[in-house]
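This structure is in structure tokens; I'll ask about it shortly.
The first chain written gets the first letter, and so on, giving A, B, C, D, E, F, G and H; residue counts start at 1 in each chain.
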Amino acid sequence: MAQPKVLIVMGSDSDFEQLEPAWKILSELGVECDVRVASAHRTPDTVHELATTARAKGFGVVLAAAGGAAHLAGVFAANTTLPVVAMPIANGTLGGMDALLSSVQMPPGIPIASVGIAGARNAGLFAAAILAAAGGPIADALASYREQMKERVTKADHRVREQLTS
Amino acid sequence: MAQPKVLIVMGSDSDFEQLEPAWKILSELGVECDVRVASAHRTPDTVHELATTARAKGFGVVLAAAGGAAHLAGVFAANTTLPVVAMPIANGTLGGMDALLSSVQMPPGIPIASVGIAGARNAGLFAAAILAAAGGPIADALASYREQMKERVTKADHRVREQLTS
Amino acid sequence: MAQPKVLIVMGSDSDFEQLEPAWKILSELGVECDVRVASAHRTPDTVHELATTARAKGFGVVLAAAGGAAHLAGVFAANTTLPVVAMPIANGTLGGMDALLSSVQMPPGIPIASVGIAGARNAGLFAAAILAAAGGPIADALASYREQMKERVTKADHRVREQLTS
Amino acid sequence: MAQPKVLIVMGSDSDFEQLEPAWKILSELGVECDVRVASAHRTPDTVHELATTARAKGFGVVLAAAGGAAHLAGVFAANTTLPVVAMPIANGTLGGMDALLSSVQMPPGIPIASVGIAGARNAGLFAAAILAAAGGPIADALASYREQMKERVTKADHRVREQLTS
Amino acid sequence: MAQPKVLIVMGSDSDFEQLEPAWKILSELGVECDVRVASAHRTPDTVHELATTARAKGFGVVLAAAGGAAHLAGVFAANTTLPVVAMPIANGTLGGMDALLSSVQMPPGIPIASVGIAGARNAGLFAAAILAAAGGPIADALASYREQMKERVTKADHRVREQLTS
Amino acid sequence: MAQPKVLIVMGSDSDFEQLEPAWKILSELGVECDVRVASAHRTPDTVHELATTARAKGFGVVLAAAGGAAHLAGVFAANTTLPVVAMPIANGTLGGMDALLSSVQMPPGIPIASVGIAGARNAGLFAAAILAAAGGPIADALASYREQMKERVTKADHRVREQLTS
Amino acid sequence: MAQPKVLIVMGSDSDFEQLEPAWKILSELGVECDVRVASAHRTPDTVHELATTARAKGFGVVLAAAGGAAHLAGVFAANTTLPVVAMPIANGTLGGMDALLSSVQMPPGIPIASVGIAGARNAGLFAAAILAAAGGPIADALASYREQMKERVTKADHRVREQLTS
Amino acid sequence: MAQPKVLIVMGSDSDFEQLEPAWKILSELGVECDVRVASAHRTPDTVHELATTARAKGFGVVLAAAGGAAHLAGVFAANTTLPVVAMPIANGTLGGMDALLSSVQMPPGIPIASVGIAGARNAGLFAAAILAAAGGPIADALASYREQMKERVTKADHRVREQLTS
């Protein structure tokens, strides 16, 4: 069976800049993904079509990015049993709190899990972790990504100690 | 042309108690309404069908009640050009702030207008006001409802003055 | 009977920039509207006069824009049975949360419905939807506006797919 | 010149229980006050009449109690130059935060000062302090009220010390 | 008896810019005021001395401006029976919500009334209204200030109507 | 390869009642799970041991339930590349907003995805969806769970229509 | 030199129930403490006297418990260089958020550190940790308290595993 | 016994600018401190090693700075009985409210005390106060720092009085 892909959907292409780190990290980790613009409110039929066919088309995770009254992830979750990860976008004047609550506070029965506000990189990493739940090359890629992060922090630690503590 | 009706939709029948004042006040004002249970997340196809056919079936306003990540009004608004009024339900632990923000913070292009948290009576009155925008018997019923309210407040004022100020 | 007009009122002309999209979209949709500056606090008599005479002057909807302790929509609603739509303005340091709550949390009996913070375009669209509750040319204009939005999102989708997914 | 009186107004007689401590403390301090039920939304003409005539009738302070989208104090302040003190009532599901912001965040030019949520006793004390700004018997009554409070705290301190620290 | 003065106190001279409109409007209205820098936390003895002697020195109102954990107004109120008006300053990252709550949520017995966040002009106007509670020249100055505001709004209304509605 | 299991961890056994729906739904769906009590703060070594060995022991998802400063999911995520789903518990006085923000606002690099406050059932469903990302019997169980939900809502809809609309 | 004591102060004896766990845990750990009732607002002179003499009387830490506009810790900190730990009390309708912000958001120069809302036990433990900063018997008592907690969690873990996982 | 040192830890070196005032004030007060970069999420083993060995290495206080879901202080507190002071960093879009709640709302048993958002200077001062709980040269340095602050405020007071009140 082929490795499932990630479907990344944003409600508006003006959200692309905030979404981009998700797409980048997935590429780095060797996870195939499609990026789509589809709005729960402006192109509901496209969203419906994407959601109902996602599993059959080989997607294993949906990552939905939206701001304000962020309904995109919810509408996806209503139409697929794939795991749907919300990425709340911070637009407007409330710092993304509206998008976070609109995403995360789903009624019992239709789950969404949300990363933090503007948490695109983590959304990508979480999607990868889902695909690596049973191990395999993506799990290895995640482990090695962790090692690189650890090294960067350790180097920063050395740099700061040299500058301040001596 | 027949007087348009009001379509009242709640995401769960457990919300009925909070919704009831909307249905009652519309009945008192002589506005015909249908009450339906349909969930943006659990029965999305029902919601889609209700929304896309509402205008043709003679509805003039949709009143959508939901709590938490309240997507019901948004999904209606995405599928009809009728005015959709959200009624945020206070369930869970955030006092309905999640439902309010999920309802009101819609992206440009697809409008919703929301009454206050648990504001069922006002949702009914607002639906009536929409249908009475050009006057007619509902406008008269609203005016007379206002007079009755005024009288009740005036009587309460007299009662309190007698008790306290004498 | 003539098509009812929309009365747009702002509490201060410094709010005009945030209000402008409402006026523009109504013009595009062919809805006649008057724009007024009147403050619930600084010119209460003007507001009272506008509210009590609005229906007789042929208005069918009032759109009231104000920030902070936003009382404008409430004072209108107290003096007319026309539907009053609040447009909370984001000024000051609380991101418009004060204006939203001051607008939306009305006591039972006097309804207001509010669009989102700084949601001028949607306020205009909602006012149009009210006037189109029973169908007619504004309903057609709204439907065609929706089609144009849909096309723009679909084009953005194609553009993004070409750039990223190939 | 006679000692100015305090005008206490509540938007609904259901708020009376929360308001009562204001009236009681003013009575204790020997300040004359009238208590009225008048709603900015349901009986706007009564509010207008009360506000515009308050100074001439011998009132020196207005204390306005309201919950939710609390516009009462603002409407009073718009129609009198007397000091208007808001008392935000905690009703609904937001703990009175809506009433606090609706009261306190007034636009420049029309001031309101607000006590805390459900702060009736303090509203009464503040009204008394206003009337005692230039000294006189109410100032003496306030000073003696302070002394009594101090004694009560001091006694509680002794009681606790005896119980715990010995 | 001489007209009482207003004591304006700020916790830090970095707050001066936010405070200035209070001082300016009081000067315009012909109210004498002293402006002091005194911190509840950094110069508590100065605050204590100012508070305990304020009435005897001829002050009738204290206006206390502070940000963050804004204790200045509370410490004043603890040491004088004069009316103390808080002016919450918006510094830091919470938009002044911390200063508002620290000011307004006083325990029963020691009242403070607060204007809105960064509401310096209104704080000045409210202080003037306190001194004008029994009428006199400051009441006249306030009434004429209101008239000027009304004219400015009315002119803005005309300007907007000419530009947009014609 | 065996079907991965779900590791459910709660910070305190007093959270069990809020957690229980996760365990129940997973059992219903035929997903094997272990339930553990381990605290990021009180038994950090147990958490570390659980996290670092989870993948090797055959777990595919970690579900971490905690309230207040909810660090449990974060500490798991720091020590495993498995997907970690946070379930914020509502204890204390802030309605679980503290637990939600402590869970969801993770720094870039170490992802957590969170369900809503007190969203145990959804946490279980989301864990199942992760394990069903590539299809299989759990995907079928999820699909049939959805159908049952849909039927319940449809029946409630019929019941309400019979009672109210006739 | 004698072991410094802890001074526990509450603004009102009605806060005692929320404060009690601090006093109890300190007793268990063998730390001597005095408990006092003193209000920053109602008995400011007592607070001033306690603060300015605390170090000389052998106290090493002050623990100040207050709710609402919680100024007690700040007033202590203004008058002593001892570490002052705030314990925000949850009273009123805002869940203690007012007390938390009033305590923690101190201006630069006069530090307070705050435990969580209603965090009396932790306030006591933190006071003990301060006195044990350089080691000694209190450090040993803290370490052994930790061991007991760990055992309780471990036992709860075994209990739950037996019940659910078998 | 040697004077204990302060261990300052930040989760990311990008937080250094916000942290710097802590390090500076400790240097000014003559308190020795080490500054480290260690992340609860990215280098958990480093944090564990730092925490478990801190007391033995001569540290008396840990100051942990982190933003967002700020778990650093909690993870330290879980692994040492030294007093751990959290310094919530304001990054992201929520003004540091996430970091404050993630830091301060610790479960009973493992205490953290937190300074205000971005309160680095106060964190340093509080760490010093802990080390000076039993008096000594740091207590003297703190007292003299207070005197300098007092003088600066007093000078600002004079400057303002000369400019405005004359």
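Methods note: a residue touches a chain if its C-beta (ideal position, glycine included) is under 8 Å from a C-beta of that chain, and two chains touch if they have at least 3 such contacts.
Note that the coordinates shown come from a computational prediction; the quantities given were computed from them, not determined experimentally.
Q: Which chains sit in contact with both members of the pair chain C and chain G?
A: The shared contacts of chain C and chain G, listed by label, come to D, E.
Q: Using the touch definition from the top, how many steps at minimum link chain E to chain F?
A: Between chain E and chain F, the shortest chain-hopping route counts 2.
Q: Same or different for chain B and chain D, when you check if over half of the residue numbers at their contact belong to both copies?
A: Both copies touch with mostly different residues.
Q: Find the pair in B-D, A-B or B-F that has over half of its contact pairs, by residue number, in common with E-G.
A: Most of the E-G contacts reappear at A-B.
Q: What's the distance between the Cα centroids of chain F and chain H, rounded to whole Å?
A: 35
Q: Quick one: chain D and chain F, Cα centre-to-centre, how many Å?
A: Computed value for the inter-centroid distance: 48 Å.
Q: When the centre of a chain is set as the mean of its C-alpha atoms, what distance in Å lies between chain A and chain G?
A: 41
Q: Quick one: which residues in chain E touch 2 or more of the other chains?
A: 12, 39, 42, 68-69, 92, 94-95, 97, 104-106, 109-110, 112, 116-117, 146, 149
Q: So which chains end up touching which?
A: So, checking each combination of chains, I get A-B, A-C, A-F, A-H, B-C, B-D, B-F, C-D, C-E, D-E, D-G, E-G, E-H, F-G, F-H, G-H as the touching pairs.
Q: Spell out the residues on chain F that touch chain G in their complex, using ranges where they run on.
A: 12-13, 16, 23, 34-39, 42-43, 46, 68-69, 92-95
Q: Quick one: in the complex, what on chain A touches chain H?
A: Residues 90, 95-97, 116-118, 146, 149-150, 153-154, 156-157, 159-161, 164-165.
Q: Applying the document's contact rule, which stretches of chain C touch chain B when the two form their complex?
A: Interface residues on chain C, with respect to chain B: 1, 4, 21, 55, 60-61, 81-85, 100, 104-106, 108-117, 119, 121-123, 125-126, 129-135, 139, 142-143, 145-146, 149.
Q: Report the residues of chain F in contact with chain H in the complex, numbered from low to high.
A: Going through chain F, the ones touching chain H are 11-12, 39-42, 44, 48, 67-71, 74-75, 77-79, 92, 94, 97-98, 101-107, 109-110, 112.
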